[in-house]
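Each of the next two complexes has subunit A plus one other chain: subunit B in the first, subunit C in the second.
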Partner chain A sequence: MLKPEADVRTTAPAADGPAALEIRDLSVSFRTSSGDVDAVRGVDITVRSGTTHAIVGESGSGKSVTMMGVLGLLPEEAQVSGSIRYLGKELVDAAPAELRAVRGAEIGVIFQDPLSSLNPVMTVGAQILESMTAHRGTAAGATWKRAAELLAEVGIPEAERRVKEYPHQFSGGMRQRVMIAMALAAEPRVLIADEATTALDVTVQAQILRLVQRITAERSMTTIWISHDLGVVAQIADDITVMQSGRVVERGSCHDIFAAPREAYTIALLESMPRLDAPLRELPPRATATGTAAVDVRDLEVAYQVKRGLRTGNRLVRAVDDVSLEIAAGETVGLVGESGSGKSTFARALLGLEPMRHGTVHLAGQDVAGARRASLSALRRNAQMVFQDPSSSMNPGLSVQEIVTEPLLINHRMSASGRRARAAELLELVELDPQLARRHPHQLSGGQRQRVAIARALSLEPSLLVCDEPVSALDVTVQTQILGLLRRLQADLGVSLLVISHDLAVIRDIAHRVAVMYLGKIVEVGDREAIFGSPQHPYTRALLGAVPTPDPTKRFPPTPLQGDPPSPLSPPPGCRFHSRCPAAVIGRCDTTVPTLTAWTPTHDVACVRLGEPELTRQT
Partner chain B sequence: MTPKPPSPSHPKTTGIPTVSFRARLAPRELTRPAPRDYTRLIGIVGAVIVGSLVLVAIFAPLIAPYDPTIRAGAPFSPPSAAHLLGTNDVGQDILSELIFGTRVSLMVGVVAASAAMLVGTAIGLVGGYFPRVGSIIMRGVDVVLVLPFLPLLIVLSAYLGRSVLNTILVIAFLIWAPTARVIRSQVLSLSRRDYVTAARSMNARDGYIIRRHVLPRTFLLAIGEFVAATSAAILLESSLSFLGLGDPLQKSWGSVLYWAQARGAFLTPAWQWWVVPPGLLIMLAALGFALLGYALEQKINPRLRRA
Partner chain C sequence: MGPWRFLISRGGQYAIVLAVAISLNFVLPRLMPGSPLALLAGVEPSELTPEEREELISEAGLDQPMIVQYFRYWGNVLTFNFGTSFRMNEAIGDLILERLPWTLLITMTALLLSSLIGIALGVLAAWRRGRASDVVSLNTMIALDSTPSFWLGMLFVALFSVTLGWLPSYGAVTPGAQLAPWDAFVDIAAHAALPILTLTILSIPGIFLTMRYSTLSVMGEDFIRTAQAKGLTNTQVLSRHVVRNAIVPVSTVIALRLGFAFGGSVVIETVFSYPGLGRLVFEAVSSRDYPVMQATFLVFTIAVLVANILADLLYPRLDPRTRT
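For the complex of A and B:
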């Protein structure tokens, strides 16, 4: 098990420390074939030594470009003006050798995607060694022992052994730890983290945040934290700079900005962010309980054959294992869980896109598995899907009109003029200008693209819309709009929704009922009020506890959930959560498989200790 | 099990070009200056070579000073004002032979490459779109890939007999396999896109998905492959003809070489005008098509991958 990170962030550092980094009037523009793009326009940022400075803003606001400028990592076509001083030393126009001396040796960086930043064919130890020698210019002290110590310091168990392993042998969270170890290898004084936890699960994110806080405090480092996530920022920042379209719109201490934002843009950002401590939002009413359920899944099992070595043969991954779920007409069910818990697999199985090994799926009362080709097509039209990444879910070569009406082309063979009219209707339904019909996906913004995807899913008037991470690729302000649109469509059309998200606050904003998945099983399911108000399963509680609250006065409790989810190839026996459960009792939890049991009439929990007073106290 | 790339929450995308910026900047790549891009230049050079050869082939009767089948001068004459590259053993003008030979060499190359392309694309398509069947088919492709080229070529054409059609068939049989591989990997990646899944969930049949979502984006790739395959086909045709296994009635660059060899030109000063020019032409043609193919692929491939 990992070393728990102690709660180290106690008091804010001295208010008027010397500046570690001073950025003055920085402008960066890129020459592109379609004219110049001003990515950063006259930015001033002062980072006080020994503090954590957060730069927040939506996509395209210039956060990353600013930091790339600091690191001298901008591509050749970038034109930079202004001044960047690191401890008084000017970095703009510095000689490459001087820059290299600062970068890496004085400033370490962690990127969002550890997999693409690590070399897949080198052991992690060799990569740590490389960054020690590359930046210091000397091999002194760069030993495997030191590399292993660093790995241990970032919380990797059995560091002595794992230092000889390759990146693919580490989980996502572990890889991010390795990246941190590499960034620390040259003992820099400044750490820049660019969306360092964005690709991670909330539970792992909480661990990494804690780790960065502990290490930077121990080494009295300065941290620059670039993020679009205000929750994360509230948890760790001392100072905040808010950027919008290449400019700084507001700056100040973390407490001030969260307590009393001055600029309209900051206020809008804070307000649009879905948060767990906001009052519950009014949802469209569900249909009466009597009608047939829109979806009725019983004991569904979906498994993949996974190729292993020659001798071990194929193994079975039960991505969805014995799952039952009902969705009433006009109801929204939210599905949450860590990455790899089987959420998407479940959704795809509903649409008949995955072969079921076991169990039944009824859509509007009809058996999907038993249907023949003809009626299967009718069934499939009843359920449509909206994907996470609107840019990859549409063929870039087709126009918006062709995309939106593709389901009609496939199924009804409506006439071309009929489809054109229908496209305009559909675009209006999702609040888009019908003029956009002639555009291509790359000419649309992320939010517009997701609206087009929703319009396409609605074109066959399905009774169920499955949305797999519908808003996670979008900025918060756009997120709010898309969630509002989904709620409105539900109220107007009475469509049922299955919304999958790793973001609990999003689920809380849209779902009537919530199901929590862990390693292919539903561990808790119930009404929104029950799941968010009185969660019973230790995993649900851990998930909720790991969500960073956008309030600097409420920082994390000392111990977030430890470790990563185990491999679904060999799920732990008994309760699958017992290897990470803070309430696990050895002898019971690892032998008895808990089944979903009614805790209240609208709230089921799968935990063998359900209802025991100690479990209730564990919160 | 291969680790799944993390999917929850990604950098958000808008139309502003700076967004994709971070994704492209892996730190490792940034520490080195980008190598200069010569693709354009390579493409232009290739296109000029190929273009000139095609023009020569089309206008051969206008360019060639003599009819290559008639006796135009004394046998074995060295280069002169009347015969720029001299004459061969029966007194035919070598320059004219080469000019007309361009037609045969290019035609065989292009037709063989087209046939290979059709087969390769079809097999790559099936192999990529139906992964189960595909993995079996691709075993077969691997076998073809490791076959020893030249011996097989010789055996096959000796067995089938000497005709242009047989030459084309044999060459096509030997060069379709690499195309099948390239096309398959493209189809494999295309058919896993979300928009294909989306179409499936809308009840689209395979035929529709292939026609609408897979083929159009594979087609571009096949063009680059086609040009590169032509280069290989031209080389193979020349080898066959040089070995005397080509159609005896058709004069190609390779058959000019064959007769030069048969009449001992390799051992006399005649090699300078009888052996070197056809050799250079073969090289030039192969190079031209290869360069053009490379440039096309460089241009098409990243675009397909990004999309």
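For the complex of A and C:
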């Protein structure tokens, strides 16, 4: 079993301790072929010893560059001026040997993506060991035993055995634990975490946050937490520095900044963040007439043959297993679940882009599987897709106008002048300046690109728009705008939406109904009031409980969900959630496969213990 | 899965590839236009009297049904009995065994040297990317990569043998000399030096370019930043993290070269009159000694196959992600 991270530090740190890190007037510029880029411009940050200091700000605001500057790990083309003092010692322009003595031994780092940040051909034990020997030589207790102890300390079960394994043999959350063990190996006094939980599922994020808090408190470490996620910051920070375009715009204690932000930028950041404790937003009305549903999926099963290396046979993965879902005309259904739960596979199957093993899909009354090739493309015109990363789905050589009207061209609709007029119309629809029509994708911001992607998806006037993580790659202020746009388009055009997101607050802001997926199955589905107001399934409750609230006065309850999602290759028998469910009853949950059962007329739940008073108490 | 279990489970696939190659070797001469006699017995049928022809045909077994010929052929292959070379009047099996060590000596030494040098230079160039030493070595390698091997070989003969007189220009040993063990070793080394030098220089560029590119891409990986953030020295980052990962794709290139080393030895052994398999092929081709050509073709195929087996065994050791 994993060690629960129950003992969270709640007391305030010693006020006005000595500074662990003092950054004064730091500027970093990069020489590039297209001129100098001023990434950091005169930044002052003071990190008090023993505190958790968060640096927040939108993408490109200079958070990472500042911290890489502290470690002296900026690329050669970077020009650094100003001062960085670690416990009084100047680090800017320090000798390489002095900097090396600080890296790892005094300041440890964890990065965003633990898989790419670990060496794939070295065992995790060897990598942990290396952190120790780099500073203390082989003699002073740098042993495999010590490496295994560290792994156990960060909550990796069977550490003795796993210390000899390679990074790819660990799950995402476990890899981040390995990274933490590695950063702790040389016993640094400062830990820098750069978006350390951004790539993780929300339940795993909650575990890692708790782990970092426990460990840094036990070792009286100073933590610098870089994040764009204000929810996370509210949960763990003592002090906050807000950055924008390379400058510090506001600094203060966590409580002050959340309670009374002073700068317009900070206020905008806090206001635009979708949160679970805000009042429910008004949504465009759904079609009331009982016409044909926009989407009608019954008993859908999609499975992949998975190659497992050259030398072992293939295996069948049921990415979507026996899923039924209806979307009414003009309705938005939100699909949530952890990574690997089959959300995107489900979306692609709707468009006939996945081979179905079983079940039926009807789009506006027409059978997708039964359709012949010609009418299948007609069906697909009826349902269009918007992706997370718009630039990867756009031909970089085309202009915005050409991208937006590409579907018209492919379907031989309209003359060139007709298409130009339509492009202008579409850009207006998504609130883009018509002047942008002649630009190319790389000349647009992320938000503008996503608008172009939406305009393109709308060009054939589909009745269904499938949006797969439409705002995940965007900053919160832009997120809010795109969500607002989608709501407005729905009100104006009556289009149905399927919105996939791992972010529950985003779903709450846009979806009439919500379906929660776990390992290929829908475990709970219902109106958003039901799902967010009185969730019944233990998994839904755990997901909601793991979302960090952007309010420092409401910090986490002590029991987030344990463990990682199991591999879809070998889902647990019975209820697939039973290996992590706090309410699981062995003998029932691991033998009976629960089916979706009506809890209220608009709320279905798949749990064998549904309705038992005990269930509510235990989750 | 251990290497033995791996060999056993993959052994079937290797065996099939080998059987197909051996069978092709049987089929091809029989598919060619004209009488297979020319190919299998080494004579133009038109030059023979009908009686002689009859005799040769039955001697070569060509009057038997195809299936019988096929099984007899297999029997010969398995007993390493490839018949007799017409020109050299010697059992082909013996001929190959006699020539093989010389080819192995020069090709394997050259492969080892070029791998070591190519990898080391590739890493250095990538580490100093964009600087003068990188640009110079990159351009030199690209130029070398397009140099014809016979030209370089002849240049070395002219320089080291003719002009400077340092090294012998042909053969593998001094003919007729009776030498003490140490002197014999020196003699063999001196004769092998120029072929090895030429082969080495010509195979460095491919390895260098792959290693340089793969080092550059590994240096951009996140885990290199992690390694630096641990406080490792540049040398430690380079040796433990960069090279260890960058070598993975290079190992495939080296394995491929191992497989085709015999083929590459034809030109070099001809230029230096070096008595290896490559020279044997050249002699067989120029005197239309088909049975010899066939047998050497088989040996070349086996070499490619062995190189593949080695690569399959090595790869999971270098990259644990390919293990299961």
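As a working rule, the second predicted complex is superposed on the first by the 607 of 619 C-alpha atoms of A that agree within 3 Å, B and C clash if a C-alpha of one lies under 4 Å from a C-alpha of the other, contacts with A are read in each partner's own complex, and residues count from 1 in each chain.
Please note the rule applied: a residue touches a chain if its C-beta (ideal position, glycine included) is under 8 Å from a C-beta of that chain, and two chains touch if they have at least 3 such contacts.
Model, not experiment: these values are computed from the prediction.
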{"item": "First, second, both or neither for A:Arg31, with subunit B first and subunit C second", "value": "neither"}
{"item": "Which superposed partner A:Ser567 touches (first subunit B, second subunit C, both, neither)", "value": "first"}
{"item": "Touched partner set for A:Ser393, first subunit B, second subunit C, both or neither", "value": "first"}
{"item": "Which of subunit B and subunit C A:Tyr166 touches, first, second, both or neither", "value": "second"}
{"item": "Subunit B versus subunit C, judged by how many residues of subunit A each one touches", "value": "B"}
{"item": "Touched partner set for A:Leu353, first subunit B, second subunit C, both or neither", "value": "first"}
{"item": "Subunit B versus subunit C as contact partner of A:Glu469, first or second or both or neither", "value": "first"}
{"item": "Touched partner set for A:Glu406, first subunit B, second subunit C, both or neither", "value": "first"}
{"item": "Which of subunit B and subunit C A:Asn119 touches, first, second, both or neither", "value": "both"}
{"item": "Touching partner for A:Arg381 - first (subunit B), second (subunit C), both, neither", "value": "first"}
{"item": "Contacts on subunit A seen with subunit B and repeated with subunit C across the two complexes", "value": "73, 100, 109, 111, 113, 116-117, 119, 168, 308"}
{"item": "Residue ranges of subunit C in contact with subunit A within the complex", "value": "1, 6, 9-10, 221-223, 225-233, 236, 240-241, 244-245, 248, 312, 318-324"}
{"item": "Residues on subunit A engaged by subunit C in the complex (per definition of touch)", "value": "71, 73, 100-105, 108-109, 111, 113, 116-122, 130-131, 134-135, 166, 168, 179, 182, 186, 308-312"}
{"item": "Of all residues in subunit A, those that touch subunit B in their complex", "value": "30, 32, 37, 39, 58-60, 62, 64-65, 68, 73, 75-76, 100, 109, 111-113, 115-117, 119, 168, 171-172, 194-195, 198-201, 228, 306, 308, 317, 339-340, 348, 351-353, 376-377, 380-381, 383-385, 387-389, 391-397, 406-407, 410-411, 442-446, 456, 460, 469, 472-475, 478, 502-503, 567, 569"}
{"item": "In the complex with subunit A, residue positions of subunit B that touch it", "value": "1-19, 21-23, 25-28, 30-31, 33-34, 193-195, 197-204, 208, 212-213, 216-217, 307"}
